[in-house]
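These are the structures, in structure tokens.
In the two assemblies presented below, chain A is common to both, partnered first by chain B and then by chain C.
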Partner chain A sequence: MKKVFAIILAAAMVFALGASAFADGAFKIGGTGPLTGGAAIYGNAAANGAAIAVEEINALGGIQFELKYEDDTHDAEKAINAYNTLKDWGMQISLGSVTSTPCVATASETYDDRIFAITPSASAVAVTEDKDNMFQMCFADPNQGSASAQYIMDKGLASKVAVIWKNDDVYSKGIYETFKAKAAELGLELVSDTTFADGNDTDFSVQVADAQANGAELIFLPMYYTPASLILAQADKIGYTPKFFGVDGMDGILTLEGFDTALAEGVMLLTPFNADATDEKTVSFVTKYQEKYGEIPNQFAADGYDCVYAYCQALTNAGCTPDMSAEEICDAMIEQFTTMTFNGITGDNMTWGTDGAVTKGPKGMVISNGAYVGMD
Partner chain B sequence: MGKTIRNSRTRTVNFITYALVIIAYIILQSMVSSGNIKSVLKGMLVPICAYIVMAVSLNLTVGVLGELSLGHAGFMSVGAFTGVTAAMAMFYGIPGVAPWLRLLVGMVTGAVFAAVAGLLIGIPVLRLRGDYLAIVTLAFGEIIKSLINNLYVGFDSKGFHLSMLEDKTNLLEGGKLIIGGPMGIGGIKKISNLTAGFILVMITLIVVFHIMNSRSGRAIMAIRDNRIAAESVGINVTKYKLTVFTISAALAGAAGALFAMNYSTIVANKFDFNTSILVLVFVVLGGLSNMLGSVIAAAALTILPEALRQFSEYRMLVYAIVLILVMLATNNPALRALIDKLKPGRKNEEKEG
Partner chain C sequence: MSFLYFLINGISLGSIYAIIALGYTMVYGISKMLNFAHGDVIMVGAYICFFSLTRFNLPPLVAVAAAMLVCMVLGMTIEKLAYKPLRQATSLAVLITAIGVSYLLQNLALLLFSPNVKVFPSIVGNGKISMGDIVVSHVTIVTIIVCIVIMVGMTLFTGRTKIGKAMRACSEDKAAAQLMGINVDATISVTFIIGSGLAAIAGVLLCSTYPTLVPTTGSMPGIKAFTAAVFGGIGSIPGAFLGGLLLGIIEIFAKAYISTQISDAIVFAVLIIVLLVKPTGLLGKKTREKV
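After this line comes the complex of A and B, so read on.
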């Protein structure tokens, strides 16, 4: 009888052990981003940043994460496929998508499936619109436009401003519109307003010449870094040296292959992350990133890193365990994110509204000697 | 005698195509309703249907009519944007309309607008031949993309408001901006489903097979094989060319509407030159004027990149290698002889010979 009892006890213990091992598992966290193709710098940076955060958090031994990034090639259709692949894998919490258009598509899926998502860098307003479980770590586009105009005005950088923007791009147009409105309000004079689009984004002689002819002292470039690099080259070619001011899409220009970084000397950009900051957290992140990937992290990497840490804080506060379903975690996360304050490397005292938009202070950066340096 | 055998052979091939599509639908639909399907495959079902329709309709232009068109995605775009606009206006304008009815209206609207676009572009363009036609259709696709990127369409109680370049629609209270220039259309109600896709594929196949096996179809193929000879026997080349071009555009438009209503957002840049080429690849790989081939190629090449996800960055490399291998294999004389032997009706013909 004793023997039978012992066997049953042993079996029960093994079972309990198995069960607890299951409960001690990791949160499955997934995201999509352009890991290949034209926007790959953004996707890889965000994925790498998130990977470093996961490594650090897992090493602490508390909450455990399992991270998986799938390639969406900056395309909505592929993003849905990537998202579904992650869903099949068993994703519990999501990092959304890295770029705007794919993220609008995946956000609607996470909303329907009740999976909580916070995107590192998809800045379009449509991403979070009408979705209670979709949050952003980056500024929304309208904020970037008005913050840029405010910054230019406050610092007295210029009074005559030119804008070159991409008129078939959600991101560029979103920033342009609010910049224009804010500039008019503040009394910044917009002397040149020119556009380009997919397919004619290789020659900028007309746009740059227009800015020069109208005497612009500063050119505002709300766009991704690839066309921006060509504009810098074009201005250099005709010997025109205005100030250049970009937004977060400009981040990454220094790591663009085949780009002469001397051209970017003096370019200013508004971004929430400063790789030169001397606080402990940033220094440790930058050192680790450089060791692992051999380059200075940009804002997207920092956003990815912060997203994972924000999750870590929210999950700890809510007392979530990895055996909870995605839907249960989703409800807990909505409550946490709308109430908590988070200190990360892209800003202190970040808070989120119920619309999913983040509140944090932007930092002005200037490119000096081939590196991003804080302006303040 | 030879003619009837040819007829019976095409009939068998057509029958196999229908049967394949129906069987695939029954299997997939039962998997979907039992929930026994991977999300990634489930998410691809509607796009696959749309791509099949795109491939088959382009095959009608390229394979049967023999004119190279590089702007097929342009028609898909016209269909997608007009179709979704119609469906959304219906949703906001007439409350309580069943989703299937909105989908139907959307697809029909898409088809009609794309057909009009096809007709308009066809009148000047079809006077051109070969390379020139290819270049003009390519330009057409780009023009559509630019137009939609600068188009703003809003809908309120007073009806539709259109404006170009800037949002000057000035909607009334409760109005809704549907097409927002480069933002495309957002907040689409996802109402496409596999059954709608299946019905559209079947309609497309029926239309295309009926054209091919009719008097018009023989005239069209005569134009392809020798235009001068066809003209000399009194075939109205322009009429047939225009008919094929318009039908092909209409089917692409319906496919575009179906495709767009499977996603919550759609932007004009999605339907660029690359999409046109992708569909052309389906057609070429499946075989010119081989509709069964187009169906299989479209389905296989849509699934392939997803099936190759495990190769991560090397995915597109593997994809390209697979394409080359398929091309080599299908052009291998030994393999072709083997396929020919297996083809139905082959034995009869040999006896005849």
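After this line comes the complex of A and C, so read on.
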């Protein structure tokens, strides 16, 4: 009996050794995101996209990754807890957080701990500000705001615009400010400028009426899709039909349960990813994502996917090995990301500045018959 | 867009607050407790109606009735399990329990209904009518009518019926009411049942007007309606009506004419001023606390 027990124990030890040897051979990537709660669509999409990339890269047999996502419910405090869990787990490189407010919190932690991070989608400037080891895969908010104004002007979509923004949200405010500045510069007339905040985000009768009364031809909505859906419904309620122009937070509006997609017909948004694109990489990603998760990936999924591939490229170039400490990897990554050019599914020839912001070309999309269609 | 448009929207929003405030005020009046779980009963009502409409394709009126029924049973259960054992406890203990029930309901909803936003289909369709240069949706009109009907109904109910009179008697003096042969426990139960039924209606109207539904949908309107109840004078039915309407109108006007950035601050500033001038609220009764 003792002998059998000893053999089992020995076998278990060998197995454990094998398992840990495998873990030692993989880079530990961690990220936080809203996997539950109102912003869960974003968090799950980014996590799923990253998981597909990890699976693909691991299957190639070269660099190995181990990915772990922790839930932060789009809350800064919970994000710190989630981050600490990841640190205890031994995270070497980070995917930051999916949404801006939590990411500002985790970014200062990764900065202090010297862990390199690239966020798929937290677009606020405050995320990367004054942090040499924090990068973004998505556009920074200022770029979204000014790019939107530029796009509206270039395409001649409207001359009088209204903007409704969320004044307690760093994401919304950041885009609003650069949009406003760029609009003034281009001579785009901002005729209505109204706000809302948490706890006051259901009644939009005043904001929409203000836009209508001032003759706005287009309403710019720098916000997430939940309040945006209410604004679309409110405009419909009073029979007001301006053009609507959103940013990446609008992505996901079509997946709202029970949402009448007719309300979103003609809504435009700037997004770097188009699931309808026909290039090989996008098609392969979209097919895999659909097989695995049963839905069409949004921009967040694509950003998550690209982050892991960017890491793969940077780690290979720098010759990093999984036994290196987070700090050593961090220095190598800062050097790589500021010098390399990356081709992903959210853009070709992406480069990063020392401020951590990405440079890539945005694509205009319009919602038509309940699906996103490229505008260019 | 005119004054009238904002006024109608304010009245519609205020009507919803008023119906919710009624639930707070009745429960407070009879058991001197603040039922903070009331806002979450609204949310449950809205979910039941949502699933009845979309999953089981029930006609709107049946769906509303189903929501009311479930909420009534829920209200009664909450009262029996959470509040009744604490009837003799300090008011602070009951208050904390109410907050606990509120969190319990929210988290159960997260678990059962998932956190994903659901878009609520309007129970009266998306029709609208134009009056001059303003457009008013059917939901807005229905909301205002339902609120008036409920207010008149509740006033008649508490004034004319036997149970209504028993409720008033209990709120005046429980011990004396018991001596007069009124079943105080049953009367309190009935109050909770009625309040929860009204919460279901409020939930349906709320989500028909502002069609997003999440497990926390009820909390902010619940707090604002509670404010409305205090504003109008807690414990008073006409007070709840007046407080709700005024709160809705002030909120919309503050947004329309002052600033969308600080509208909530204005709403609560008005509340503070009213309470400074008239601590019992607009229509509150002055009661002298015996020391």
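The rule we apply is simple: the second predicted complex is superposed on the first by the 352 of 376 C-alpha atoms of A that agree within 3 Å, B and C clash if a C-alpha of one lies under 4 Å from a C-alpha of the other, contacts with A are read in each partner's own complex, and residues count from 1 in each chain.
Criterion: a contact is a pair of C-beta atoms (placed from the backbone, for glycine too) under 8 Å apart; a residue touches a chain by one contact, two chains touch by 3 or more.
Remember, it's a predicted structure, so these values are computed and weren't measured experimentally.
> Kindly classify A:G199 by the partners it touches after superposition: chain B alone (first), chain C alone (second), both, or neither?
In the superposition, A:G199 touches chain B and chain C alike.
> Figure out whether A:N167 sits in contact with chain B (first) or chain C (second), or with both, or with neither.
Touch partners of A:N167: chain B and chain C.
> Is A:A126 touching the first partner chain B, the second partner chain C, both, or neither of them?
Touch status of A:A126: first partner only.
> Considering only touches as defined above, state whether A:D75 meets chain B (first), chain C (second), both or neither.
first
> Output check: A:D236 vs chain B and chain C. Expected answer is one of first, second, both, neither. What do you get?
second
> Just to be sure I read the superposition right, which of the two partners does A:T36 touch: chain B = first, chain C = second, or both, or neither?
both
> May I ask you to decide whether A:T101 touches chain B, chain C, both, or neither, giving the answer as first, second, both or neither?
first
> On the A-aligned overlay, A:N84 touches which partner chain: chain B = first, chain C = second, or both, or neither?
first
> Indicate the residue numbers of chain A shared between its chain B interface and its chain C interface, in ascending order.
On chain A, the residues that contact chain B in one structure and chain C in the other are 36, 167, 197, 199.
> Which chain C residues qualify as touching chain A in the complex?
1, 5-6, 9, 13, 50, 54, 110, 115-121, 126, 128, 130, 135, 137, 139, 210-212, 214, 220-221, 251-252, 255-256, 260-261, 263-264
> Chain C touches which residues of chain A in the complex?
Of all residues in chain A, those touching chain C are 36-38, 40-41, 167, 194-197, 199-200, 202-203, 205-207, 209-210, 212-213, 226, 229-230, 233, 236-239, 256-260.
> Taking the complex as given, what residues does chain A use to touch chain B?
Counting only chain A, the residues touching chain B are 35-36, 70-71, 75-78, 80-85, 87-88, 101, 104-105, 107-109, 124, 126, 129-130, 166-170, 172-174, 197-199.
> Mind listing the chain B positions that touch chain A in their complex?
Spelled out, the residues of chain B in touch with chain A are 38-40, 42-44, 47, 142, 145-146, 149-150, 181-184, 186-187, 190, 263-270, 272, 305-306, 309, 312-313, 315-316.
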